[in-house]
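Next, two complexes with chain A in common: one pairs it with chain B, the other with chain C.
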Partner chain A sequence: MASKMALSRSFRLWGRALVVQRRSMGTGPLGYFPSRLDIGKREVVGFGLTGEECYVEDVHSPFPAIRFKEDTAEIAMLREKEKGDWKKLTVPERKELYRASFAQTLTEMEAPTGEWKPILGVTLFLSSLGIWFYLWMRKFVYDDLPETMTNEELVKDQIRFMIEGRTNPVQGLASNYDYEKGQWKK
Partner chain B sequence: MMSWGQLGFQDAGSYFMEEFIYFHDFTMMIILGVLSYVVVFLILGLISGWVDSGFVEGQLIEFMWTIFPALILIQIAFPSLLLLYLIEDFSKSFLVCKVIGHQWYWSYEIKTESSELLASVDCYMLPREDAFGMRLLLTDEFLMLPINVPVRILVTSDDVIHSWTLPSLGIKGDAVPGRLNQLNLTLNRKAMFYGQCSEICGANHSFMPIMLMGVYSWEFFAWLDRL
Partner chain C sequence: MASSSMKMALWTRNALIRGVRPQMQTAAGIRFMSSKVQETDAEFDARYEAFFNRKDIDGWEIRKAMQDLARMDLVPEPTIVAAALRACRRVNDYSLTTRFLEVVKFKCGSKQDEIWPYMLQEIRPTLDELGISTPEELGYDKPELALPNPYEIH
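Our next item is the complex of A and B:
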C-alpha cells in the first residue's frame, strides 16, 4: 500500500514536471514534444526569449514570457489600479508591481559580481607556480653558462673574430666599426 | 653569425637573402596592419557595454571580410611565388660545389661545370680550447667561394641525413644519402659566414659546423693554388 502510494506520488510529480500537451503553435514533428513547464498561476505576458512559457531574464531579452510571482489579492488590486492613470500609483506601489513581474531590476542584473577577484587570484597563483618551477629548474637542473659567454677575454676574442669576419656589416656589429681607423665608430 | 641578443635576421650575404629580407619586411608590414586592426576592435568590443545579439546575416560585411583578406593574401602570394621560382632558376653557373655530409663533419669538392676537380676539403670542428671563444662554430678548414659568381651547390650525404645551412645566405639543403639536392648561391660580399648542421644525425649533430668565406676571384684562385 505504502509503495503504491509512493509510486503514485512520484508519477504525479513527474507529470507536473513534464506534462505532455499538444503545442498550441502547430502539429508538426515537435507537436507532441513535452515542452510546457509547470508555472503555477503565473500569468503569461509575452513571447519571451524563445516562446517557451518560462521566466528567462537577460540583458539581451529583458522581457520574460511570464510574470515572476503569482498574483496575490494585493497584487490583483494594484493591477486594477494600474489600468488607470499611472500618476495615481505611489512609488512603493510601482515597486510592488515591478517586483511582481520581474526578479531583478536592470541595475541589479548589471551590478558587478566581483568575480574578477577570484579569477585574478587563481590566475596569478598558477602563474606563480610556473615561475617557482622555472626558478627550481635554474637552481637544480640547468648547467652553468659556458665559459665562452662568461669569460671576458673569450668574449673579446669573439668580438675580434666578428669584426675581422665582417659580421653584419650593414646594420649589426661590424657596421659600428670604422675599418679605416681601426676603432669603433664614435 | 648572430650577435648577442639579436632577434632579427643576419645581414644578407647573398642576393637571394636580400630578397628574402625584403619579402619578410613587406609581409610583416601587412601582418602588423592586420594585427593593429584586430587588436583595436578586440579592445573596443571588450570595453563597450552593449552588444547587438540579434545582428545576423549582414551580407555586405560578410562579403567585405571575405574579399579583403583574400586580396591581402593574393598580394602576399605574388612576391612569395616569384621568390620561390627565382631561387629554383638554375641558369648559368661557373662553379659546382659538392657538399657531402658525414658523421660528423662536412667535406666539399669544388669542380668546374665540366667536372674538373679543383679542390677537396674536409672540415672538422675545432675543440673548444682551440676555437678562440667561437664555441661550436670554427672548423680546421673552411670552404672558400668567390663573390658575385653563381655557384651550383649539390648537397648529399655519405651516411645519414644531415642539413647544410647558412642562415646569412638564406640557404638550407638536406643532405640525403643517395640523393643530390641542388642549391643556387651567389655571394654578394666578402665576409665569413657560419652555419650548423640542421638535421639530427647522431651524437655529434651539434658539433659539425659550416664555415664559408667569400673572397674576390683572385683570392679564390690563390687559395686553390695553395691547396
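Our next item is the complex of A and C:
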C-alpha cells in the first residue's frame, strides 16, 4: 500500500516537474537520448533523482539536479552577496535564495491536499445510489417474503422438523436441544 | 523488536555504505551473521564528518552525501550536520543549508519533538557562527505557498 502510494505520488511529482519545464527533443551532449528536458540557463548542481538534468520534487530525494529558477539578474546579485558573510543576508533574501533553488519546502510537499474529502463524499454518494436502488427493487420488483418466513406457525413447524431430524447435532441447531428432557438446553 | 529493527537499520546502512568506501572499514565491529566487518557508529560518524570536512568538496559531492544520509534509516549526528553546514559555507550555497536542515528535521520522523530540539541545541554554535537560519526562523515549518495541482490545470 505504502509503495503504491509512493509510486502514485512520484508520478504526480513527475507531472508537476513537467509543468515547470517543457519537454523538447534534445541535441545536447546526450543528443541520442530520446527525451531531454530543456532546462534553459538553470545551473546543474547535482545528481538529482535519476541523473537526468531535471527538477523533480520528492521528500525522499530532496536534492534536485538543477536549480528551480534560472539565474536572473536579481538572483545573480544575491549569489554575489551569498559569497560574503551570511549574517548580512536578510530573511527575505534568504527565502529568495531558497526559492531560487527549490520550488517547495518539504512541509509544503507534505501538506495535506484535502483530497480525501471529495473521495469520501463521492464514495458515500455512490454507495447511497446502491441503497436507493435496493429500496426501489424492494418496492417495485421483489415479491413479498414467502409465507414460510412470515407466518410464525410455519416457522415453528420448520424448527420442530429440524429438531426431530437431528439437524447439525454437533455445533448447530440440534446440539442446543436436550432430547432427554425434551427442551432447549439452558 | 527493537533489536531486529536496529539490525535492519545497521544492515541497510552498511549495505549502502560498503559500496561507497570499503577501505574505510578497518576495526572489527559487531557481527550479525556475516563474515564482513561491520562499521561501528563512531566510525560511520567520523567518516561522514571527514567527508564533509574535505577542503576541496564541491556542491555535487555535498548533495551526494546529504542524499545518502537522507536515504539511510538514521538521523545524522549533530557533528555531521555541523560539518555539512560548514561545507555549504565553503561552496557558498545558502539554500542548501535550509534544505538540509529541513531534511534532518524530516528524518526525525515521529520523534521530532525529542530529537529536533536536541539537534538545534547541538548545532546552535555553528548556526550562529555562519549566520544560518533554521527552517522555523524562515517560516518553513508550516506551508507558506501552494502550487496548483497539475491535474487541475486545463
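Points to keep in mind about this one:
The rule is simple: the second predicted complex is superposed on the first by the 146 of 186 C-alpha atoms of A that agree within 3 Å, B and C clash if a C-alpha of one lies under 4 Å from a C-alpha of the other, contacts with A are read in each partner's own complex, and residues count from 1 in each chain.
Following the convention adopted for this analysis, a contact is a pair of C-beta atoms (placed from the backbone, for glycine too) under 8 Å apart; a residue touches a chain by one contact, two chains touch by 3 or more.
The structure displayed is predicted, hence computed values, not measured ones.
By the document's definition of touching, neither partner reaches A:Thr72: not chain B, not chain C. When the shared chain is aligned, chain B and chain C each come close enough to touch A:His60.
In the superposed model, A:Ser127 lies in contact with neither chain B nor chain C.
Of the two partner chains, chain B is the only one that A:Asp157 touches; chain C does not reach it. Shared-chain residue A:Leu106: touches chain C; no touch with chain B. One of chain B and chain C touches more residues of chain A, and that partner is C. When the two complexes are overlaid on their common chain A, residue A:Gly165 makes contact with chain B while staying clear of chain C.
Shared-chain residue A:Asn176: touches no atom of chain B or chain C. In the superposition on chain A, A:Thr148 contacts chain B only, with no contact to chain C. On chain A, the surface touched by chain B in one complex and the surface touched by chain C in the other have residues 59-60 in common. Residue ranges on chain B touching chain A, taken from their complex, read 1, 3, 6, 10-12, 50, 53-54, 128, 132-135, 189-192. Residues 12, 15-16, 18-19, 45-47, 59-63, 79, 82-83, 85-89, 91, 94-95, 97-98, 100-108, 110-111, 113 of chain A are the ones touching chain C in the complex. Of all residues in chain C, only 59-60, 63-64, 66-67, 70-71, 89, 92-96, 98-99, 102-103, 105-106, 130-133, 135, 137-147, 149-151, 153 touch chain A in the complex they form. Those residues of chain A whose C-beta lies close enough to touch chain B in the complex are 59-60, 146-148, 151, 153-158, 161-162, 164-173.
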